[in-house]
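Take a look at these structures.
You will see two complexes here that share chain A, one where it goes with chain B and one where it goes with chain C.
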Partner chain A sequence: MAISEAPRPGVESPAMGRTRSDVSGFVRVLQYSAVKLVSIAVAVVIAVYLTILVANMGGYVDQMRIATIKENVGMWVYQAEEFRHLSGAEKRELIDQFAQVQIQALRLDQPFPIRSLRYLWNGLTLNLGYAEGITSDSGSRQVQHILLERLGPTLLLQASASILVFVTALFMGLALSRGYGSFLDRLVVALAPTSSAPAWFYGVFLILIFAALLGWLPFGGMVDAPPPPNKFQYFLSVLKHLILPVAAVFTSTIFASIFSQRTFFLIYSSEDYVEMAKAKGLSDRAIERRYILRPTLPTIITSIALSFITLWVGNVTLEQIFNWPGLGQLFWLASRAVDTPVIVANTIIYAYLLAITVFLLDIVYAIVDPRVKVGAEAQSN
Partner chain B sequence: MENGFLRVEDLRLHFRTMRGPVQAVDGVTFHLGRGRTLVVVGESGSGKSSLAKAILRLLPRNVLKYEGSVYMDDVDVMKLSDDQFRRRVRWVKAALVPQAAQNSLNPVLRVQDQVAEPLLVHGKAKTKEKAYERVAEVFGMVGLPTDFMSRYPFELSGGMRQRTAIAMALVTNPDLIVMDEPTSALDVLTQANLMNVLKRLKQSTEMTFILITHDIATASDLADDVAVMYAGQIVEQSTARRFYTAPLHPYSKMLLSSVPTLKEDKELQHIPGTPPSLINPPKGCRFADRCPARFDKCSQEPPLRQVNGSRVKCWLYE
Partner chain C sequence: MSLKKWRWTPVFALALVLALSLTVGAQTRTGAWLDEVVFVREPNQAQAITRLEVGDIHLYADTLSNAALFQRVEASPFLTYNLSFGSYTELTFNPYGPEFQDGRLNPFSVPRIREAMNMLVDRDYVVNEIYGGLAVPKLFATNSAFPDYARYAAAATALELQYAYDPVKAEQIISEEMEKLGAAKVNGVWHYKGQPVEIIVLIRIEDERLALGDYVATLLEDIGFVTQRLYRTAAEASPLWIAADPSLGLMHIYTGGWISTAIARDTSYNFTQFYMPQGQASPLWEALTPPEEFVEIARRLEHNVFSTLEEREELFVKGWEYALKDSNRIWIVDRQSFTPRRYGVQVAADMAASVQGSWLWAPTLRWEGQVGGSMTIALPNTLVEPWNPIAGSNWVFDSMVQRGTAEDAVVLDPYTGLAYPRRIERAELYIQEGLPVGKTLDWVDLYFVDEIVVPEDTWYEWDPVEQRFITVGEKFPEGLTALRKSVVYYPEDLFDTVKWHDGSPISVGDFVIGMIYGHERAKEESAIYDQSAVPAYQSGMSVFKGVRITSTQPLVIEVYSDAYALDAELSVSTYWPQDTYGPTPWHTLAVMFSAEASQEAVMSAAKASLLNTDWLSLVSGPTLDVLKRHLDNLRASNSIPFGNFLSQYISAEEAAERYANLTRWYQEKGHFWIGTGPFYLDSVHPVEGTLVLKRYEGYPDRADRWDIFAEPMYADLEVEGPARVRQGQTARFDLWVTFDGEPYASDLISDVSFLVVSSAGEVTVSGKAEYVAEGLYEVVLSGDDTAALPVGASQIVGIVVPIPVAKPTMVPASFVVTP
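Right after this comes the complex of A and B.
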């Protein structure tokens, strides 16, 4: 071309410069990640400690446990044949001795601040211990076993519902943002407030219609009783039980989700660079992929990741209504029975999952959004 | 001018708003010869940017009316379907340099990919490597170092982003480049640099430019023809020489006397009043209310008349 006096440096030097800045950029990402990791870890410790304080009612639960031990030992001493000849004072002394042994064995004699730190350490190292009263279906009292047994059903229910809602909302939102102001668009906007009612509310009606009235689907539970012997039939049975609770979650969240995705895409599709892409002659699909979805990828990833963490808690009322043997139901049972280890364990694992997700999100952000990766670099330039 | 590359006839673009229809472009007619540069001047809100959008068919969601004819090489592109328009006109015949290049580049794509995109979309480069070669070429044309190619938009300064936008418009060698206030978001020094880039481009290429600006003084360096927009209409179109020395329309005269110059020591004038709202604009001549030469006939709409090779929309030249 005619204008060649413009500066055009050689190819080698910029290439080298690029590699060097990539390496130092990598070091910076590592530093950045390390700082993030430490701050997240501190947050987890604080959250778990607070949970322990609350779940132990500031040490009061241990007073209750000491009282229970004393009562049990007392009953045993008063009823046992071999102690019948002892006087009242002697019996009381004996009770104190036996109780003290048990209290020391459980290390309940330490002051609560020290005990709370021990609980904290056990919790953080996932040394979850034994439940007070709740047992798993297989009869184990280990908190780990109880939680693991309940995790599967909760994940099955929540993950299938969440994925269904997320995918539907994403594509419907994208389609509606294109057809802004159409009849379907206005319909969804009008229906968005239906999501103010919780899933169990729709669950009740779904049970009424499809289980009680029509008798097409089961009232609740996760599998037929007795469970079908072969794997395929078992799978079909679970699927059949899954339909109503998933439908309940879907109905209660779908319109608000579509509405928010649509609004999100409407905002991002009126960016100047989207118009430029159109002016350049890109096809609608290419514009959608490279100029709407690609720049909004970080935000989309965040929303799906955060929605996945909430799966862990389960849906307490919904699982109650559908008699679904998941974590939500367990949490409800544990709260009623003041089963501290189960409550604490549930929260600790939630805190860990949240922390891991937030940390992973930071890394994913650095990968998908070039502005994050060089954030520290840009400041130093 | 009759056998020009671009012929716009009675182009209208109206928007729907809460307060009523906005007649942003209302019956615009002009012709532009190949290789010439037309400067469209006017105040803010006179419909200059909407004219650019109308020519390039970049319509917002609230379009109420979009009609008229736009001939490029004697093909009425207004009659093409959206898909035909995309394939045959967008960035092949007409490209755009946007107003704010800050937001006009996708933040998560490297600039070389964004600049190369039109080549690949319109099949002008077979491979990415071939496309990058052309990108390096146009980067040279606008004075950008080629090692900026692999950067992201946020790693460039405002002036560099605007150069990138110009490079992007040049990359497919389109017949027409519409520049919508390409320098107005930049500081004065960067503006001057960029104007020099544009001047060099004008001298070294055969392209036709439409430069939309409110900066009448700097635009004089580039202009072959000048069109003056007022309230959604073109009120005067003439060659630059005639416009800058002897403007015809009273609005053009007042516009020019409001521009400061270095050479002479003149009293700057301002135009009293404000431009009319484009919602329900006045009947008849839209400038009448602010015009010192107003007379009875101005309550009727004046036609666009040929006067000594210029066109002017004013009853004074009947």
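Right after this comes the complex of A and C.
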């Protein structure tokens, strides 16, 4: 998409009746959307297939898995008392039989290129099917169960933290942009580099202080053990367990986020049209709302939309540190086990969410920002 | 009378009442000591230690081997630990050669070079610097904590001295052999056909083997080899060593590791497993070329081709010698792992598999001196895979929880591996004359007989079409004999005292169904056929000769087989409704089989993958709804599994009661997991990673029944004697054997022996120490003995082999021999 800057924001496009140019504009939008959809679809297919190839090391993982199966079966057969009476040749035959059953069950007897295409097709058609190795915590092998089981905890943790960070950063950024150069402003600028450390880093310290030393909050997990039978107590217990991981995410991102928003608002605050509005004598609130916040909306929407999509992948290390049963831990487990159906499902859902978001964002931009035009019209500007 | 004088009386009275009630409670308590055990998930070992220290958890059921964490536990005033000895480390050599396909030289194709590697590696350095002291040097495949090592400890010690660290000698041998191969040193580097000799060291990275691999590579560089270090995980390394064609030379040395999950009382198969071409289905093993004599020794040991235990000892020690000469792998250390817990937590831990691998953790776990209470145990993972007793999760962490809810007919001694009766009265074992079987405990009567004929009415094989057993008479009209017959007598009151957790009394049906479904799962005509069950079934049938129920009240079961173990206690076939992964009441099995027949949920992972359906779990997940539906159907029809046959053992009333009990249990607990163990599974929280076990009040055994195993009785040994001994003079040494500071009872000691090692490193005298008094043994070296010792520093090594634990205690003491 080509984006062109209109001369001024906040100025409505001239109203026009249904003319020939309207129809051609609609056709342009359709054409643009079709091209965009196709390009996104191609990108999704390529990305997912690349994921399959990378996760399986181009098919080498098959060799690793077959070797591992034979190794494990061999060790088991040789150590098991019930096979003690067999001769060496009989044991070898037994090992081959056991290994063959597992190899067939995992379809490792089929060539990887064929399986890779089936993984791709199943993924693209959202036929998530069954995992090859891992199971959900409740014991299901259905990929959708495996993902859905972990989605709730991840959303709870990541969404709580993201919303908290987003809202705080937005309001603090706006406030600091008004008080540029104040002590608070300088403090935030000074603290912004603290965000270079990841959330798990702060998590470790928070656990040490609030769980190990003070004993005020739990070390990790999602709820007390055993979980309270009463729903309200369960809710309170989850809240208690949320505090430290959310605090870790918050601490690790808040200062950079505030700094970024504040800088962003400052840039827009110094635009000519803002100066013009000030000269016209408009109130600060009206200037903020109409001349600063509105042109920043696309960026804010993009930021929040993308941050919500990234919730899908969870936070691998943070979830490990806090023993939080989320998608991050699941993805780590699936990668270690090279459970391709789970990896593909995770990737395809993320890819679809990203593709849909990118596609919709274009439309949203056009709605919220009058400077944005599409297709040939934009190019002619 | 002054009131002041009596003011403490009520306090004393209260204390007395409390103490008395505690004592009485301890004496009358049945089942578990604890009221509740909560299992939580904690994958992070360091965090687990912190949580233990602050009392957030009370036991961390994992085997840790990190030296820094061990130091933390040792330094903590709140923590203690159990040691276990189940894992060991070695270096595997690629024996192909002398040249690989591409012409590169493989020095390890020469047995003498491999043998010399034993002396090149400083195992003490490895133990202290790499394993932080959490290991013991190892020279043999036999685990030094297992009975076979204890049996032949003196011979083992002599060989250990012979192959002690001697880098000069090792380099000299390697140099000799390299020159014979046509290699030459150029500027301190071995060259072959103009190229430097490069050794590929395949190094596992998950544990201390990373440092071990680097250490070995450095040693080889120091003696003139060029090394290439390949750092790989288990899965990445597999295609390069066990699955690779050794002639390609993808590796020369691999840092291998092995695990024993239980104490093996007979490890004679090790020689075949580790040194013979048929040891593994792997190209690397196929390349092994052991000498003929060694092959024969391995064969005889593997198949018990000897008549006396003395003959076995001779074979075993010879096997060790050949293994060292051949050295297609050299053993480095037996690792010691620790399982941390808070002080005050008392539990029986298996010597090989620690607390989580012990069958006795549940009845012995308690707060010291306390009856009742709750305890929180953290596991690295919980509910790893679906739970079902036949082919469900085999993860040790799941198994630990499952074992708390279950029991078997016998209990394995966690420190020796011997079987003790738990739900059987006694047993008779008939062995064909001439087979090397002995017994230790009184509950088995051992008889040697000329021939064991299998009666015609013995059940041999199940017919899934006709739903009946085919008898030995039908299958083998010419008659059938067996090498072993065991007769197990169950208690008279078995069916009155033992109840499933849902309240159903245990019945003969629970036993008989266990004799059927193994056949059903392996036969294609069956609705529950599972391809993955076939190989093990066929293997079992190759020695199985039949089973016969000679009485149902009391229950008496005869089993005929060609398989036997050296210990009579381990040769008895004991039926109990318990499969590899959990308890098997017939009514739960009926529900599982019904679900499997419909293919809505199947018991094994392999079948689930093949059919693209769900793997059956009795405790959580989508298969619970499936099982509930099938339970409702069975209850409505009141059908008995394999009804044509089993209805003679299970009445319609029993079936109705069982299904009603299971329905009620599911409504109350939300799962189908029922056993007869000291705890029942109260609740399962899969996403939260939490399981709650509660004490089963209907458990018939006294809580203190297995307290004898609460603490391993490792022997402490002190050797006292003269610091100087003149050649030709008599010398006396005292061996003090104690446990917890008290003399070790002599009836609990199998052997006290000694070795004298000269300053030249040779064993000059060995023998048994003489009993003097409880806890005291003496060794007297005669004038001839001391005259044979060269002048210089000598050692006497005392060796104690206790009966209650398999691990021997060996302590050296030095003395100077003067002219």
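One rule holds in what follows: the second predicted complex is superposed on the first by the 291 of 381 C-alpha atoms of A that agree within 3 Å, B and C clash if a C-alpha of one lies under 4 Å from a C-alpha of the other, contacts with A are read in each partner's own complex, and residues count from 1 in each chain.
Assume contacts are C-beta pairs under 8 Å (C-beta built on N, C-alpha and C of every residue); 3 or more make two chains touch, one makes a residue touch a chain.
Keep in mind the model is a prediction, meaning the values are calculated, not measured.
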item	value
Contacts of A:Tyr291 with chain B and chain C, given as first, second, both or neither	first
Partner chain(s) touched by A:Leu282 [first = chain B, second = chain C, both, neither]	first
Residue contacts on chain A - larger count, chain B or chain C	C
Which of chain B and chain C A:Asp109 touches, first, second, both or neither	neither
Doubly contacted residues of chain A, that is, touched by chain B and again by chain C	none
In the complex with chain C, residue positions of chain A that touch it	60-61, 63-68, 70-71, 74-75, 78-79, 81-92, 94-99, 101-102, 104-107, 129-130, 132, 135-142, 145, 149-150, 152-153, 207-208, 211-212, 215, 218-223, 225-227, 320-321, 323, 325, 338
Complex contact set, residues of chain A against chain B	1-4, 6-9, 11, 13-15, 17-18, 180-181, 271-273, 275-283, 286, 290-291, 294-295, 297, 368-371, 374, 378
Interface residues, chain B side, partner chain A - complex	56, 58, 61, 86-87, 89-92, 95-96, 98, 100, 103-109, 117-118, 121-122, 136-137, 140-147, 150, 152, 154-155, 168, 200-201, 203-205
Complex interface listing, chain C residues touching chain A	38, 40-44, 47, 50-51, 53-54, 56, 234-236, 238-239, 242-243, 258, 260-261, 264, 269, 272-273, 276-282, 302-303, 376, 383-387, 531-532, 534-536, 538-540, 542-543, 562-563, 565, 570, 605-610, 612-615, 617, 619-623, 683, 685-690, 692
